[in-house]
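Got a structure here, written out as structure tokens. Questions coming.
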Amino acid sequence: MIGENLVNVRHTHPLIHNITNYVTVNDVANVLLATGASPIMADDMEEMDDIVSICQALVINTGTLNQRTIASMLYAGKKSNELQHVTVLDPVGVGASRLRSRTAEAFVQEVRFDAIKGNISEIKSLFLGTNSTSGVDANSVDSVTEENKIEMATIIKKIAQEMQTIIIATGAIDIVADANKAYLITNGRPEMSYVTGTGCQLGALVTAFITANQDNALEAAAEAVMMMGIAGELAWSSQAGNITYRNHMIDEIFKMTPETITQYANYEVI
Amino acid sequence: MIGENLVNVRHTHPLIHNITNYVTVNDVANVLLATGASPIMADDMEEMDDIVSICQALVINTGTLNQRTIASMLYAGKKSNELQHVTVLDPVGVGASRLRSRTAEAFVQEVRFDAIKGNISEIKSLFLGTNSTSGVDANSVDSVTEENKIEMATIIKKIAQEMQTIIIATGAIDIVADANKAYLITNGRPEMSYVTGTGCQLGALVTAFITANQDNALEAAAEAVMMMGIAGELAWSSQAGNITYRNHMIDEIFKMTPETITQYANYEVI
Amino acid sequence: MIGENLVNVRHTHPLIHNITNYVTVNDVANVLLATGASPIMADDMEEMDDIVSICQALVINTGTLNQRTIASMLYAGKKSNELQHVTVLDPVGVGASRLRSRTAEAFVQEVRFDAIKGNISEIKSLFLGTNSTSGVDANSVDSVTEENKIEMATIIKKIAQEMQTIIIATGAIDIVADANKAYLITNGRPEMSYVTGTGCQLGALVTAFITANQDNALEAAAEAVMMMGIAGELAWSSQAGNITYRNHMIDEIFKMTPETITQYANYEVI
């Protein structure tokens, strides 16, 4: 049930291994702590075996990737699979460079992911070969709207089926889908795009939620998406600037309750 | 006209490629978003061609440089020149080590920069061979004062002429000059030196402003410097500490209007 | 005398070289500025000689270490010893991977440290070969309590004697000891564990305090620990979330006075 997935994160404190970018890494660590999980960041090949082993999950985020960390990501992903740990991909900037595209493609070929989360442009770039990505932000031509949301949910479900994973495609309407079921979530505010790293934070939160709710992974992922959006709604103030907004969003996740999620969750299931 | 340069940033949302340090990178990303630009951070050699190509500008910041990123910086700088994109250098810590000095010297030899921004000690170290840099902060012996400001502006203009670029030398009095004209700007507060990264933020802002105002680059750079200083004035509170000050400065840039810049700008042109 | 060590930091502005992780590096830079010291971050081998030379102290923090930075850390540590500069180790995550364990062991073999600071699990892992470390946070089985504090202080003193250094083992009760004397400090709040990087910040603060008080190193280290805990007490608000708590802690260090430390310091000496 929506709300219970957060309770389980708070009870089990999953330890999440993040191989991630140096832009938003501090926010990611703090948001994991805010939600009740524990972060560890490590990217040297020689400690991948050990760090993957002591953690319950791995999230690979391709922002500011480099040759050294790509090798660590791939190795850690395979190790995480071997140990049957939760493994999540956040292909930041896929489509922005051929390096990011072929790296993300190699990852989805060689590693089995429990979930793949990107903005809608990244998901389309990775799985449909479109290339409208401009930088690390979603392109407006890819917008999920009231008009096309059913069609888009069907496409995302089909990708989820082919990849045997959960796909999380974020935008004005977020889609969280497996082969059979899609959550269409309209929590959040457009001003969240003025804050760097909300997507990276969400990738880590999704990982924590799935890890603490492995028998209920799709709903758990959807609840993480709702929670992030709700935090964005509660934290917004037209008087504040974007850094204060960033800070208050993480604060709201720290203070989040299952009741708040239930009260504000705005979604439909198809 | 002062104020209009910000309007143009907000209308054109320039996408800025940052090869920068891991200390202040999150602030840099958020301040670019605050001013209406978009950041992308990327430093792997194999994606330099693609990332430079999709961006409108490149800013190279030498804080926490290493052998790998130095090669990427140089390559990206040349590529950015080839595409006639705006290219800016922020030689953080030049003079603090021979590596930083010779790297920055190689950059100014091999890459054509639209602007070079440093604190006054860094600018003097790079172009006059003085070596008073102590760490990453300006040395007080280099201070630009009411007494020496005309002399210093003349020196900076001459460097700008020789390098055929815009030089931005920051301090209590900031100098923004090309061969013919210098803005002497006294916005800002001394307490800004208790916040890490205001210089890095300024380097990125200058890049965004020049990119959105290419026919008016000198004034655009000067307006970015004024705006940062004004944000520092508006954000200051004697009750707050340095992190809250940092946060509120970026918030003030988010809320900045052309009118606020016009109202508070404190400068003379010589 | 407790309180005076902060005064000396504020008077002498020690320049501290940090080779540290990319998760908490921005907080570390800002907390050093907050306390009156100056940070410089640099990790490329080719500038280690120069950066170590211009600084008064070096702090090595092993979070997000990699092969390249390990080599720089070791080289810089030896150079710092050669120049008789203050040299401090913060073995983040030792015990979490064999790489971190053998790296930290190599460091304590080959470099002479003025202080080694870790959470109690890290200190036990490094010097007693226990391996209860789970990720980068202290394990509850290692807790220093009212019941075992004398026994634990004796153990820490013995390690300090063997290593001829100051050991700082943090937890609900912090122990700061050399061979002869141990401070048991109970400042701080449990909620500090919801903020990433308070340990990294403390490592840097300890370094600054020892550097500015070299004839009084043990007390200086203890005062840094007290100050961090007091900042945690003053900054706490049950209304705020963990990011605001992080921000206000650094703000409190910015506003800290010797009188505040004297007033709130909560410790015994054995």
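So that you can tell them apart, the chains are marked A, B and C in the order they are listed, and the count of residues begins at 1 in each.
FYI, a residue touches a chain if its C-beta (ideal position, glycine included) is under 8 Å from a C-beta of that chain, and two chains touch if they have at least 3 such contacts.
Chain-to-protein mapping (UniProt): A, B, C = Hydroxyethylthiazole kinase.
Computed from a predicted model, the values in this text were never measured in an experiment.
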Touching chain sets, computed without chain A: one piece
Interface numbering overlap (same over half, different under half) for chain A and chain B: different
For chain B placed onto chain C, the superposition rotation in degrees, Cα atoms, nearest 5: 120
Whole-Å gap separating chain A and chain B, where each centre is the average of the chain's CA atoms: 33
Two or more partner chains touched - positions in chain C: 22, 26, 246-247
List of chain B residues in touch with chain C within their complex: 21-24, 26-27, 63-67, 93, 96-100, 134-137, 193-197, 240-244, 246-247
In the complex, chain C residues that touch chain B: 15, 22, 25-26, 29-30, 33-34, 38-44, 46-47, 50-51, 54-55, 68, 246-248, 250-255
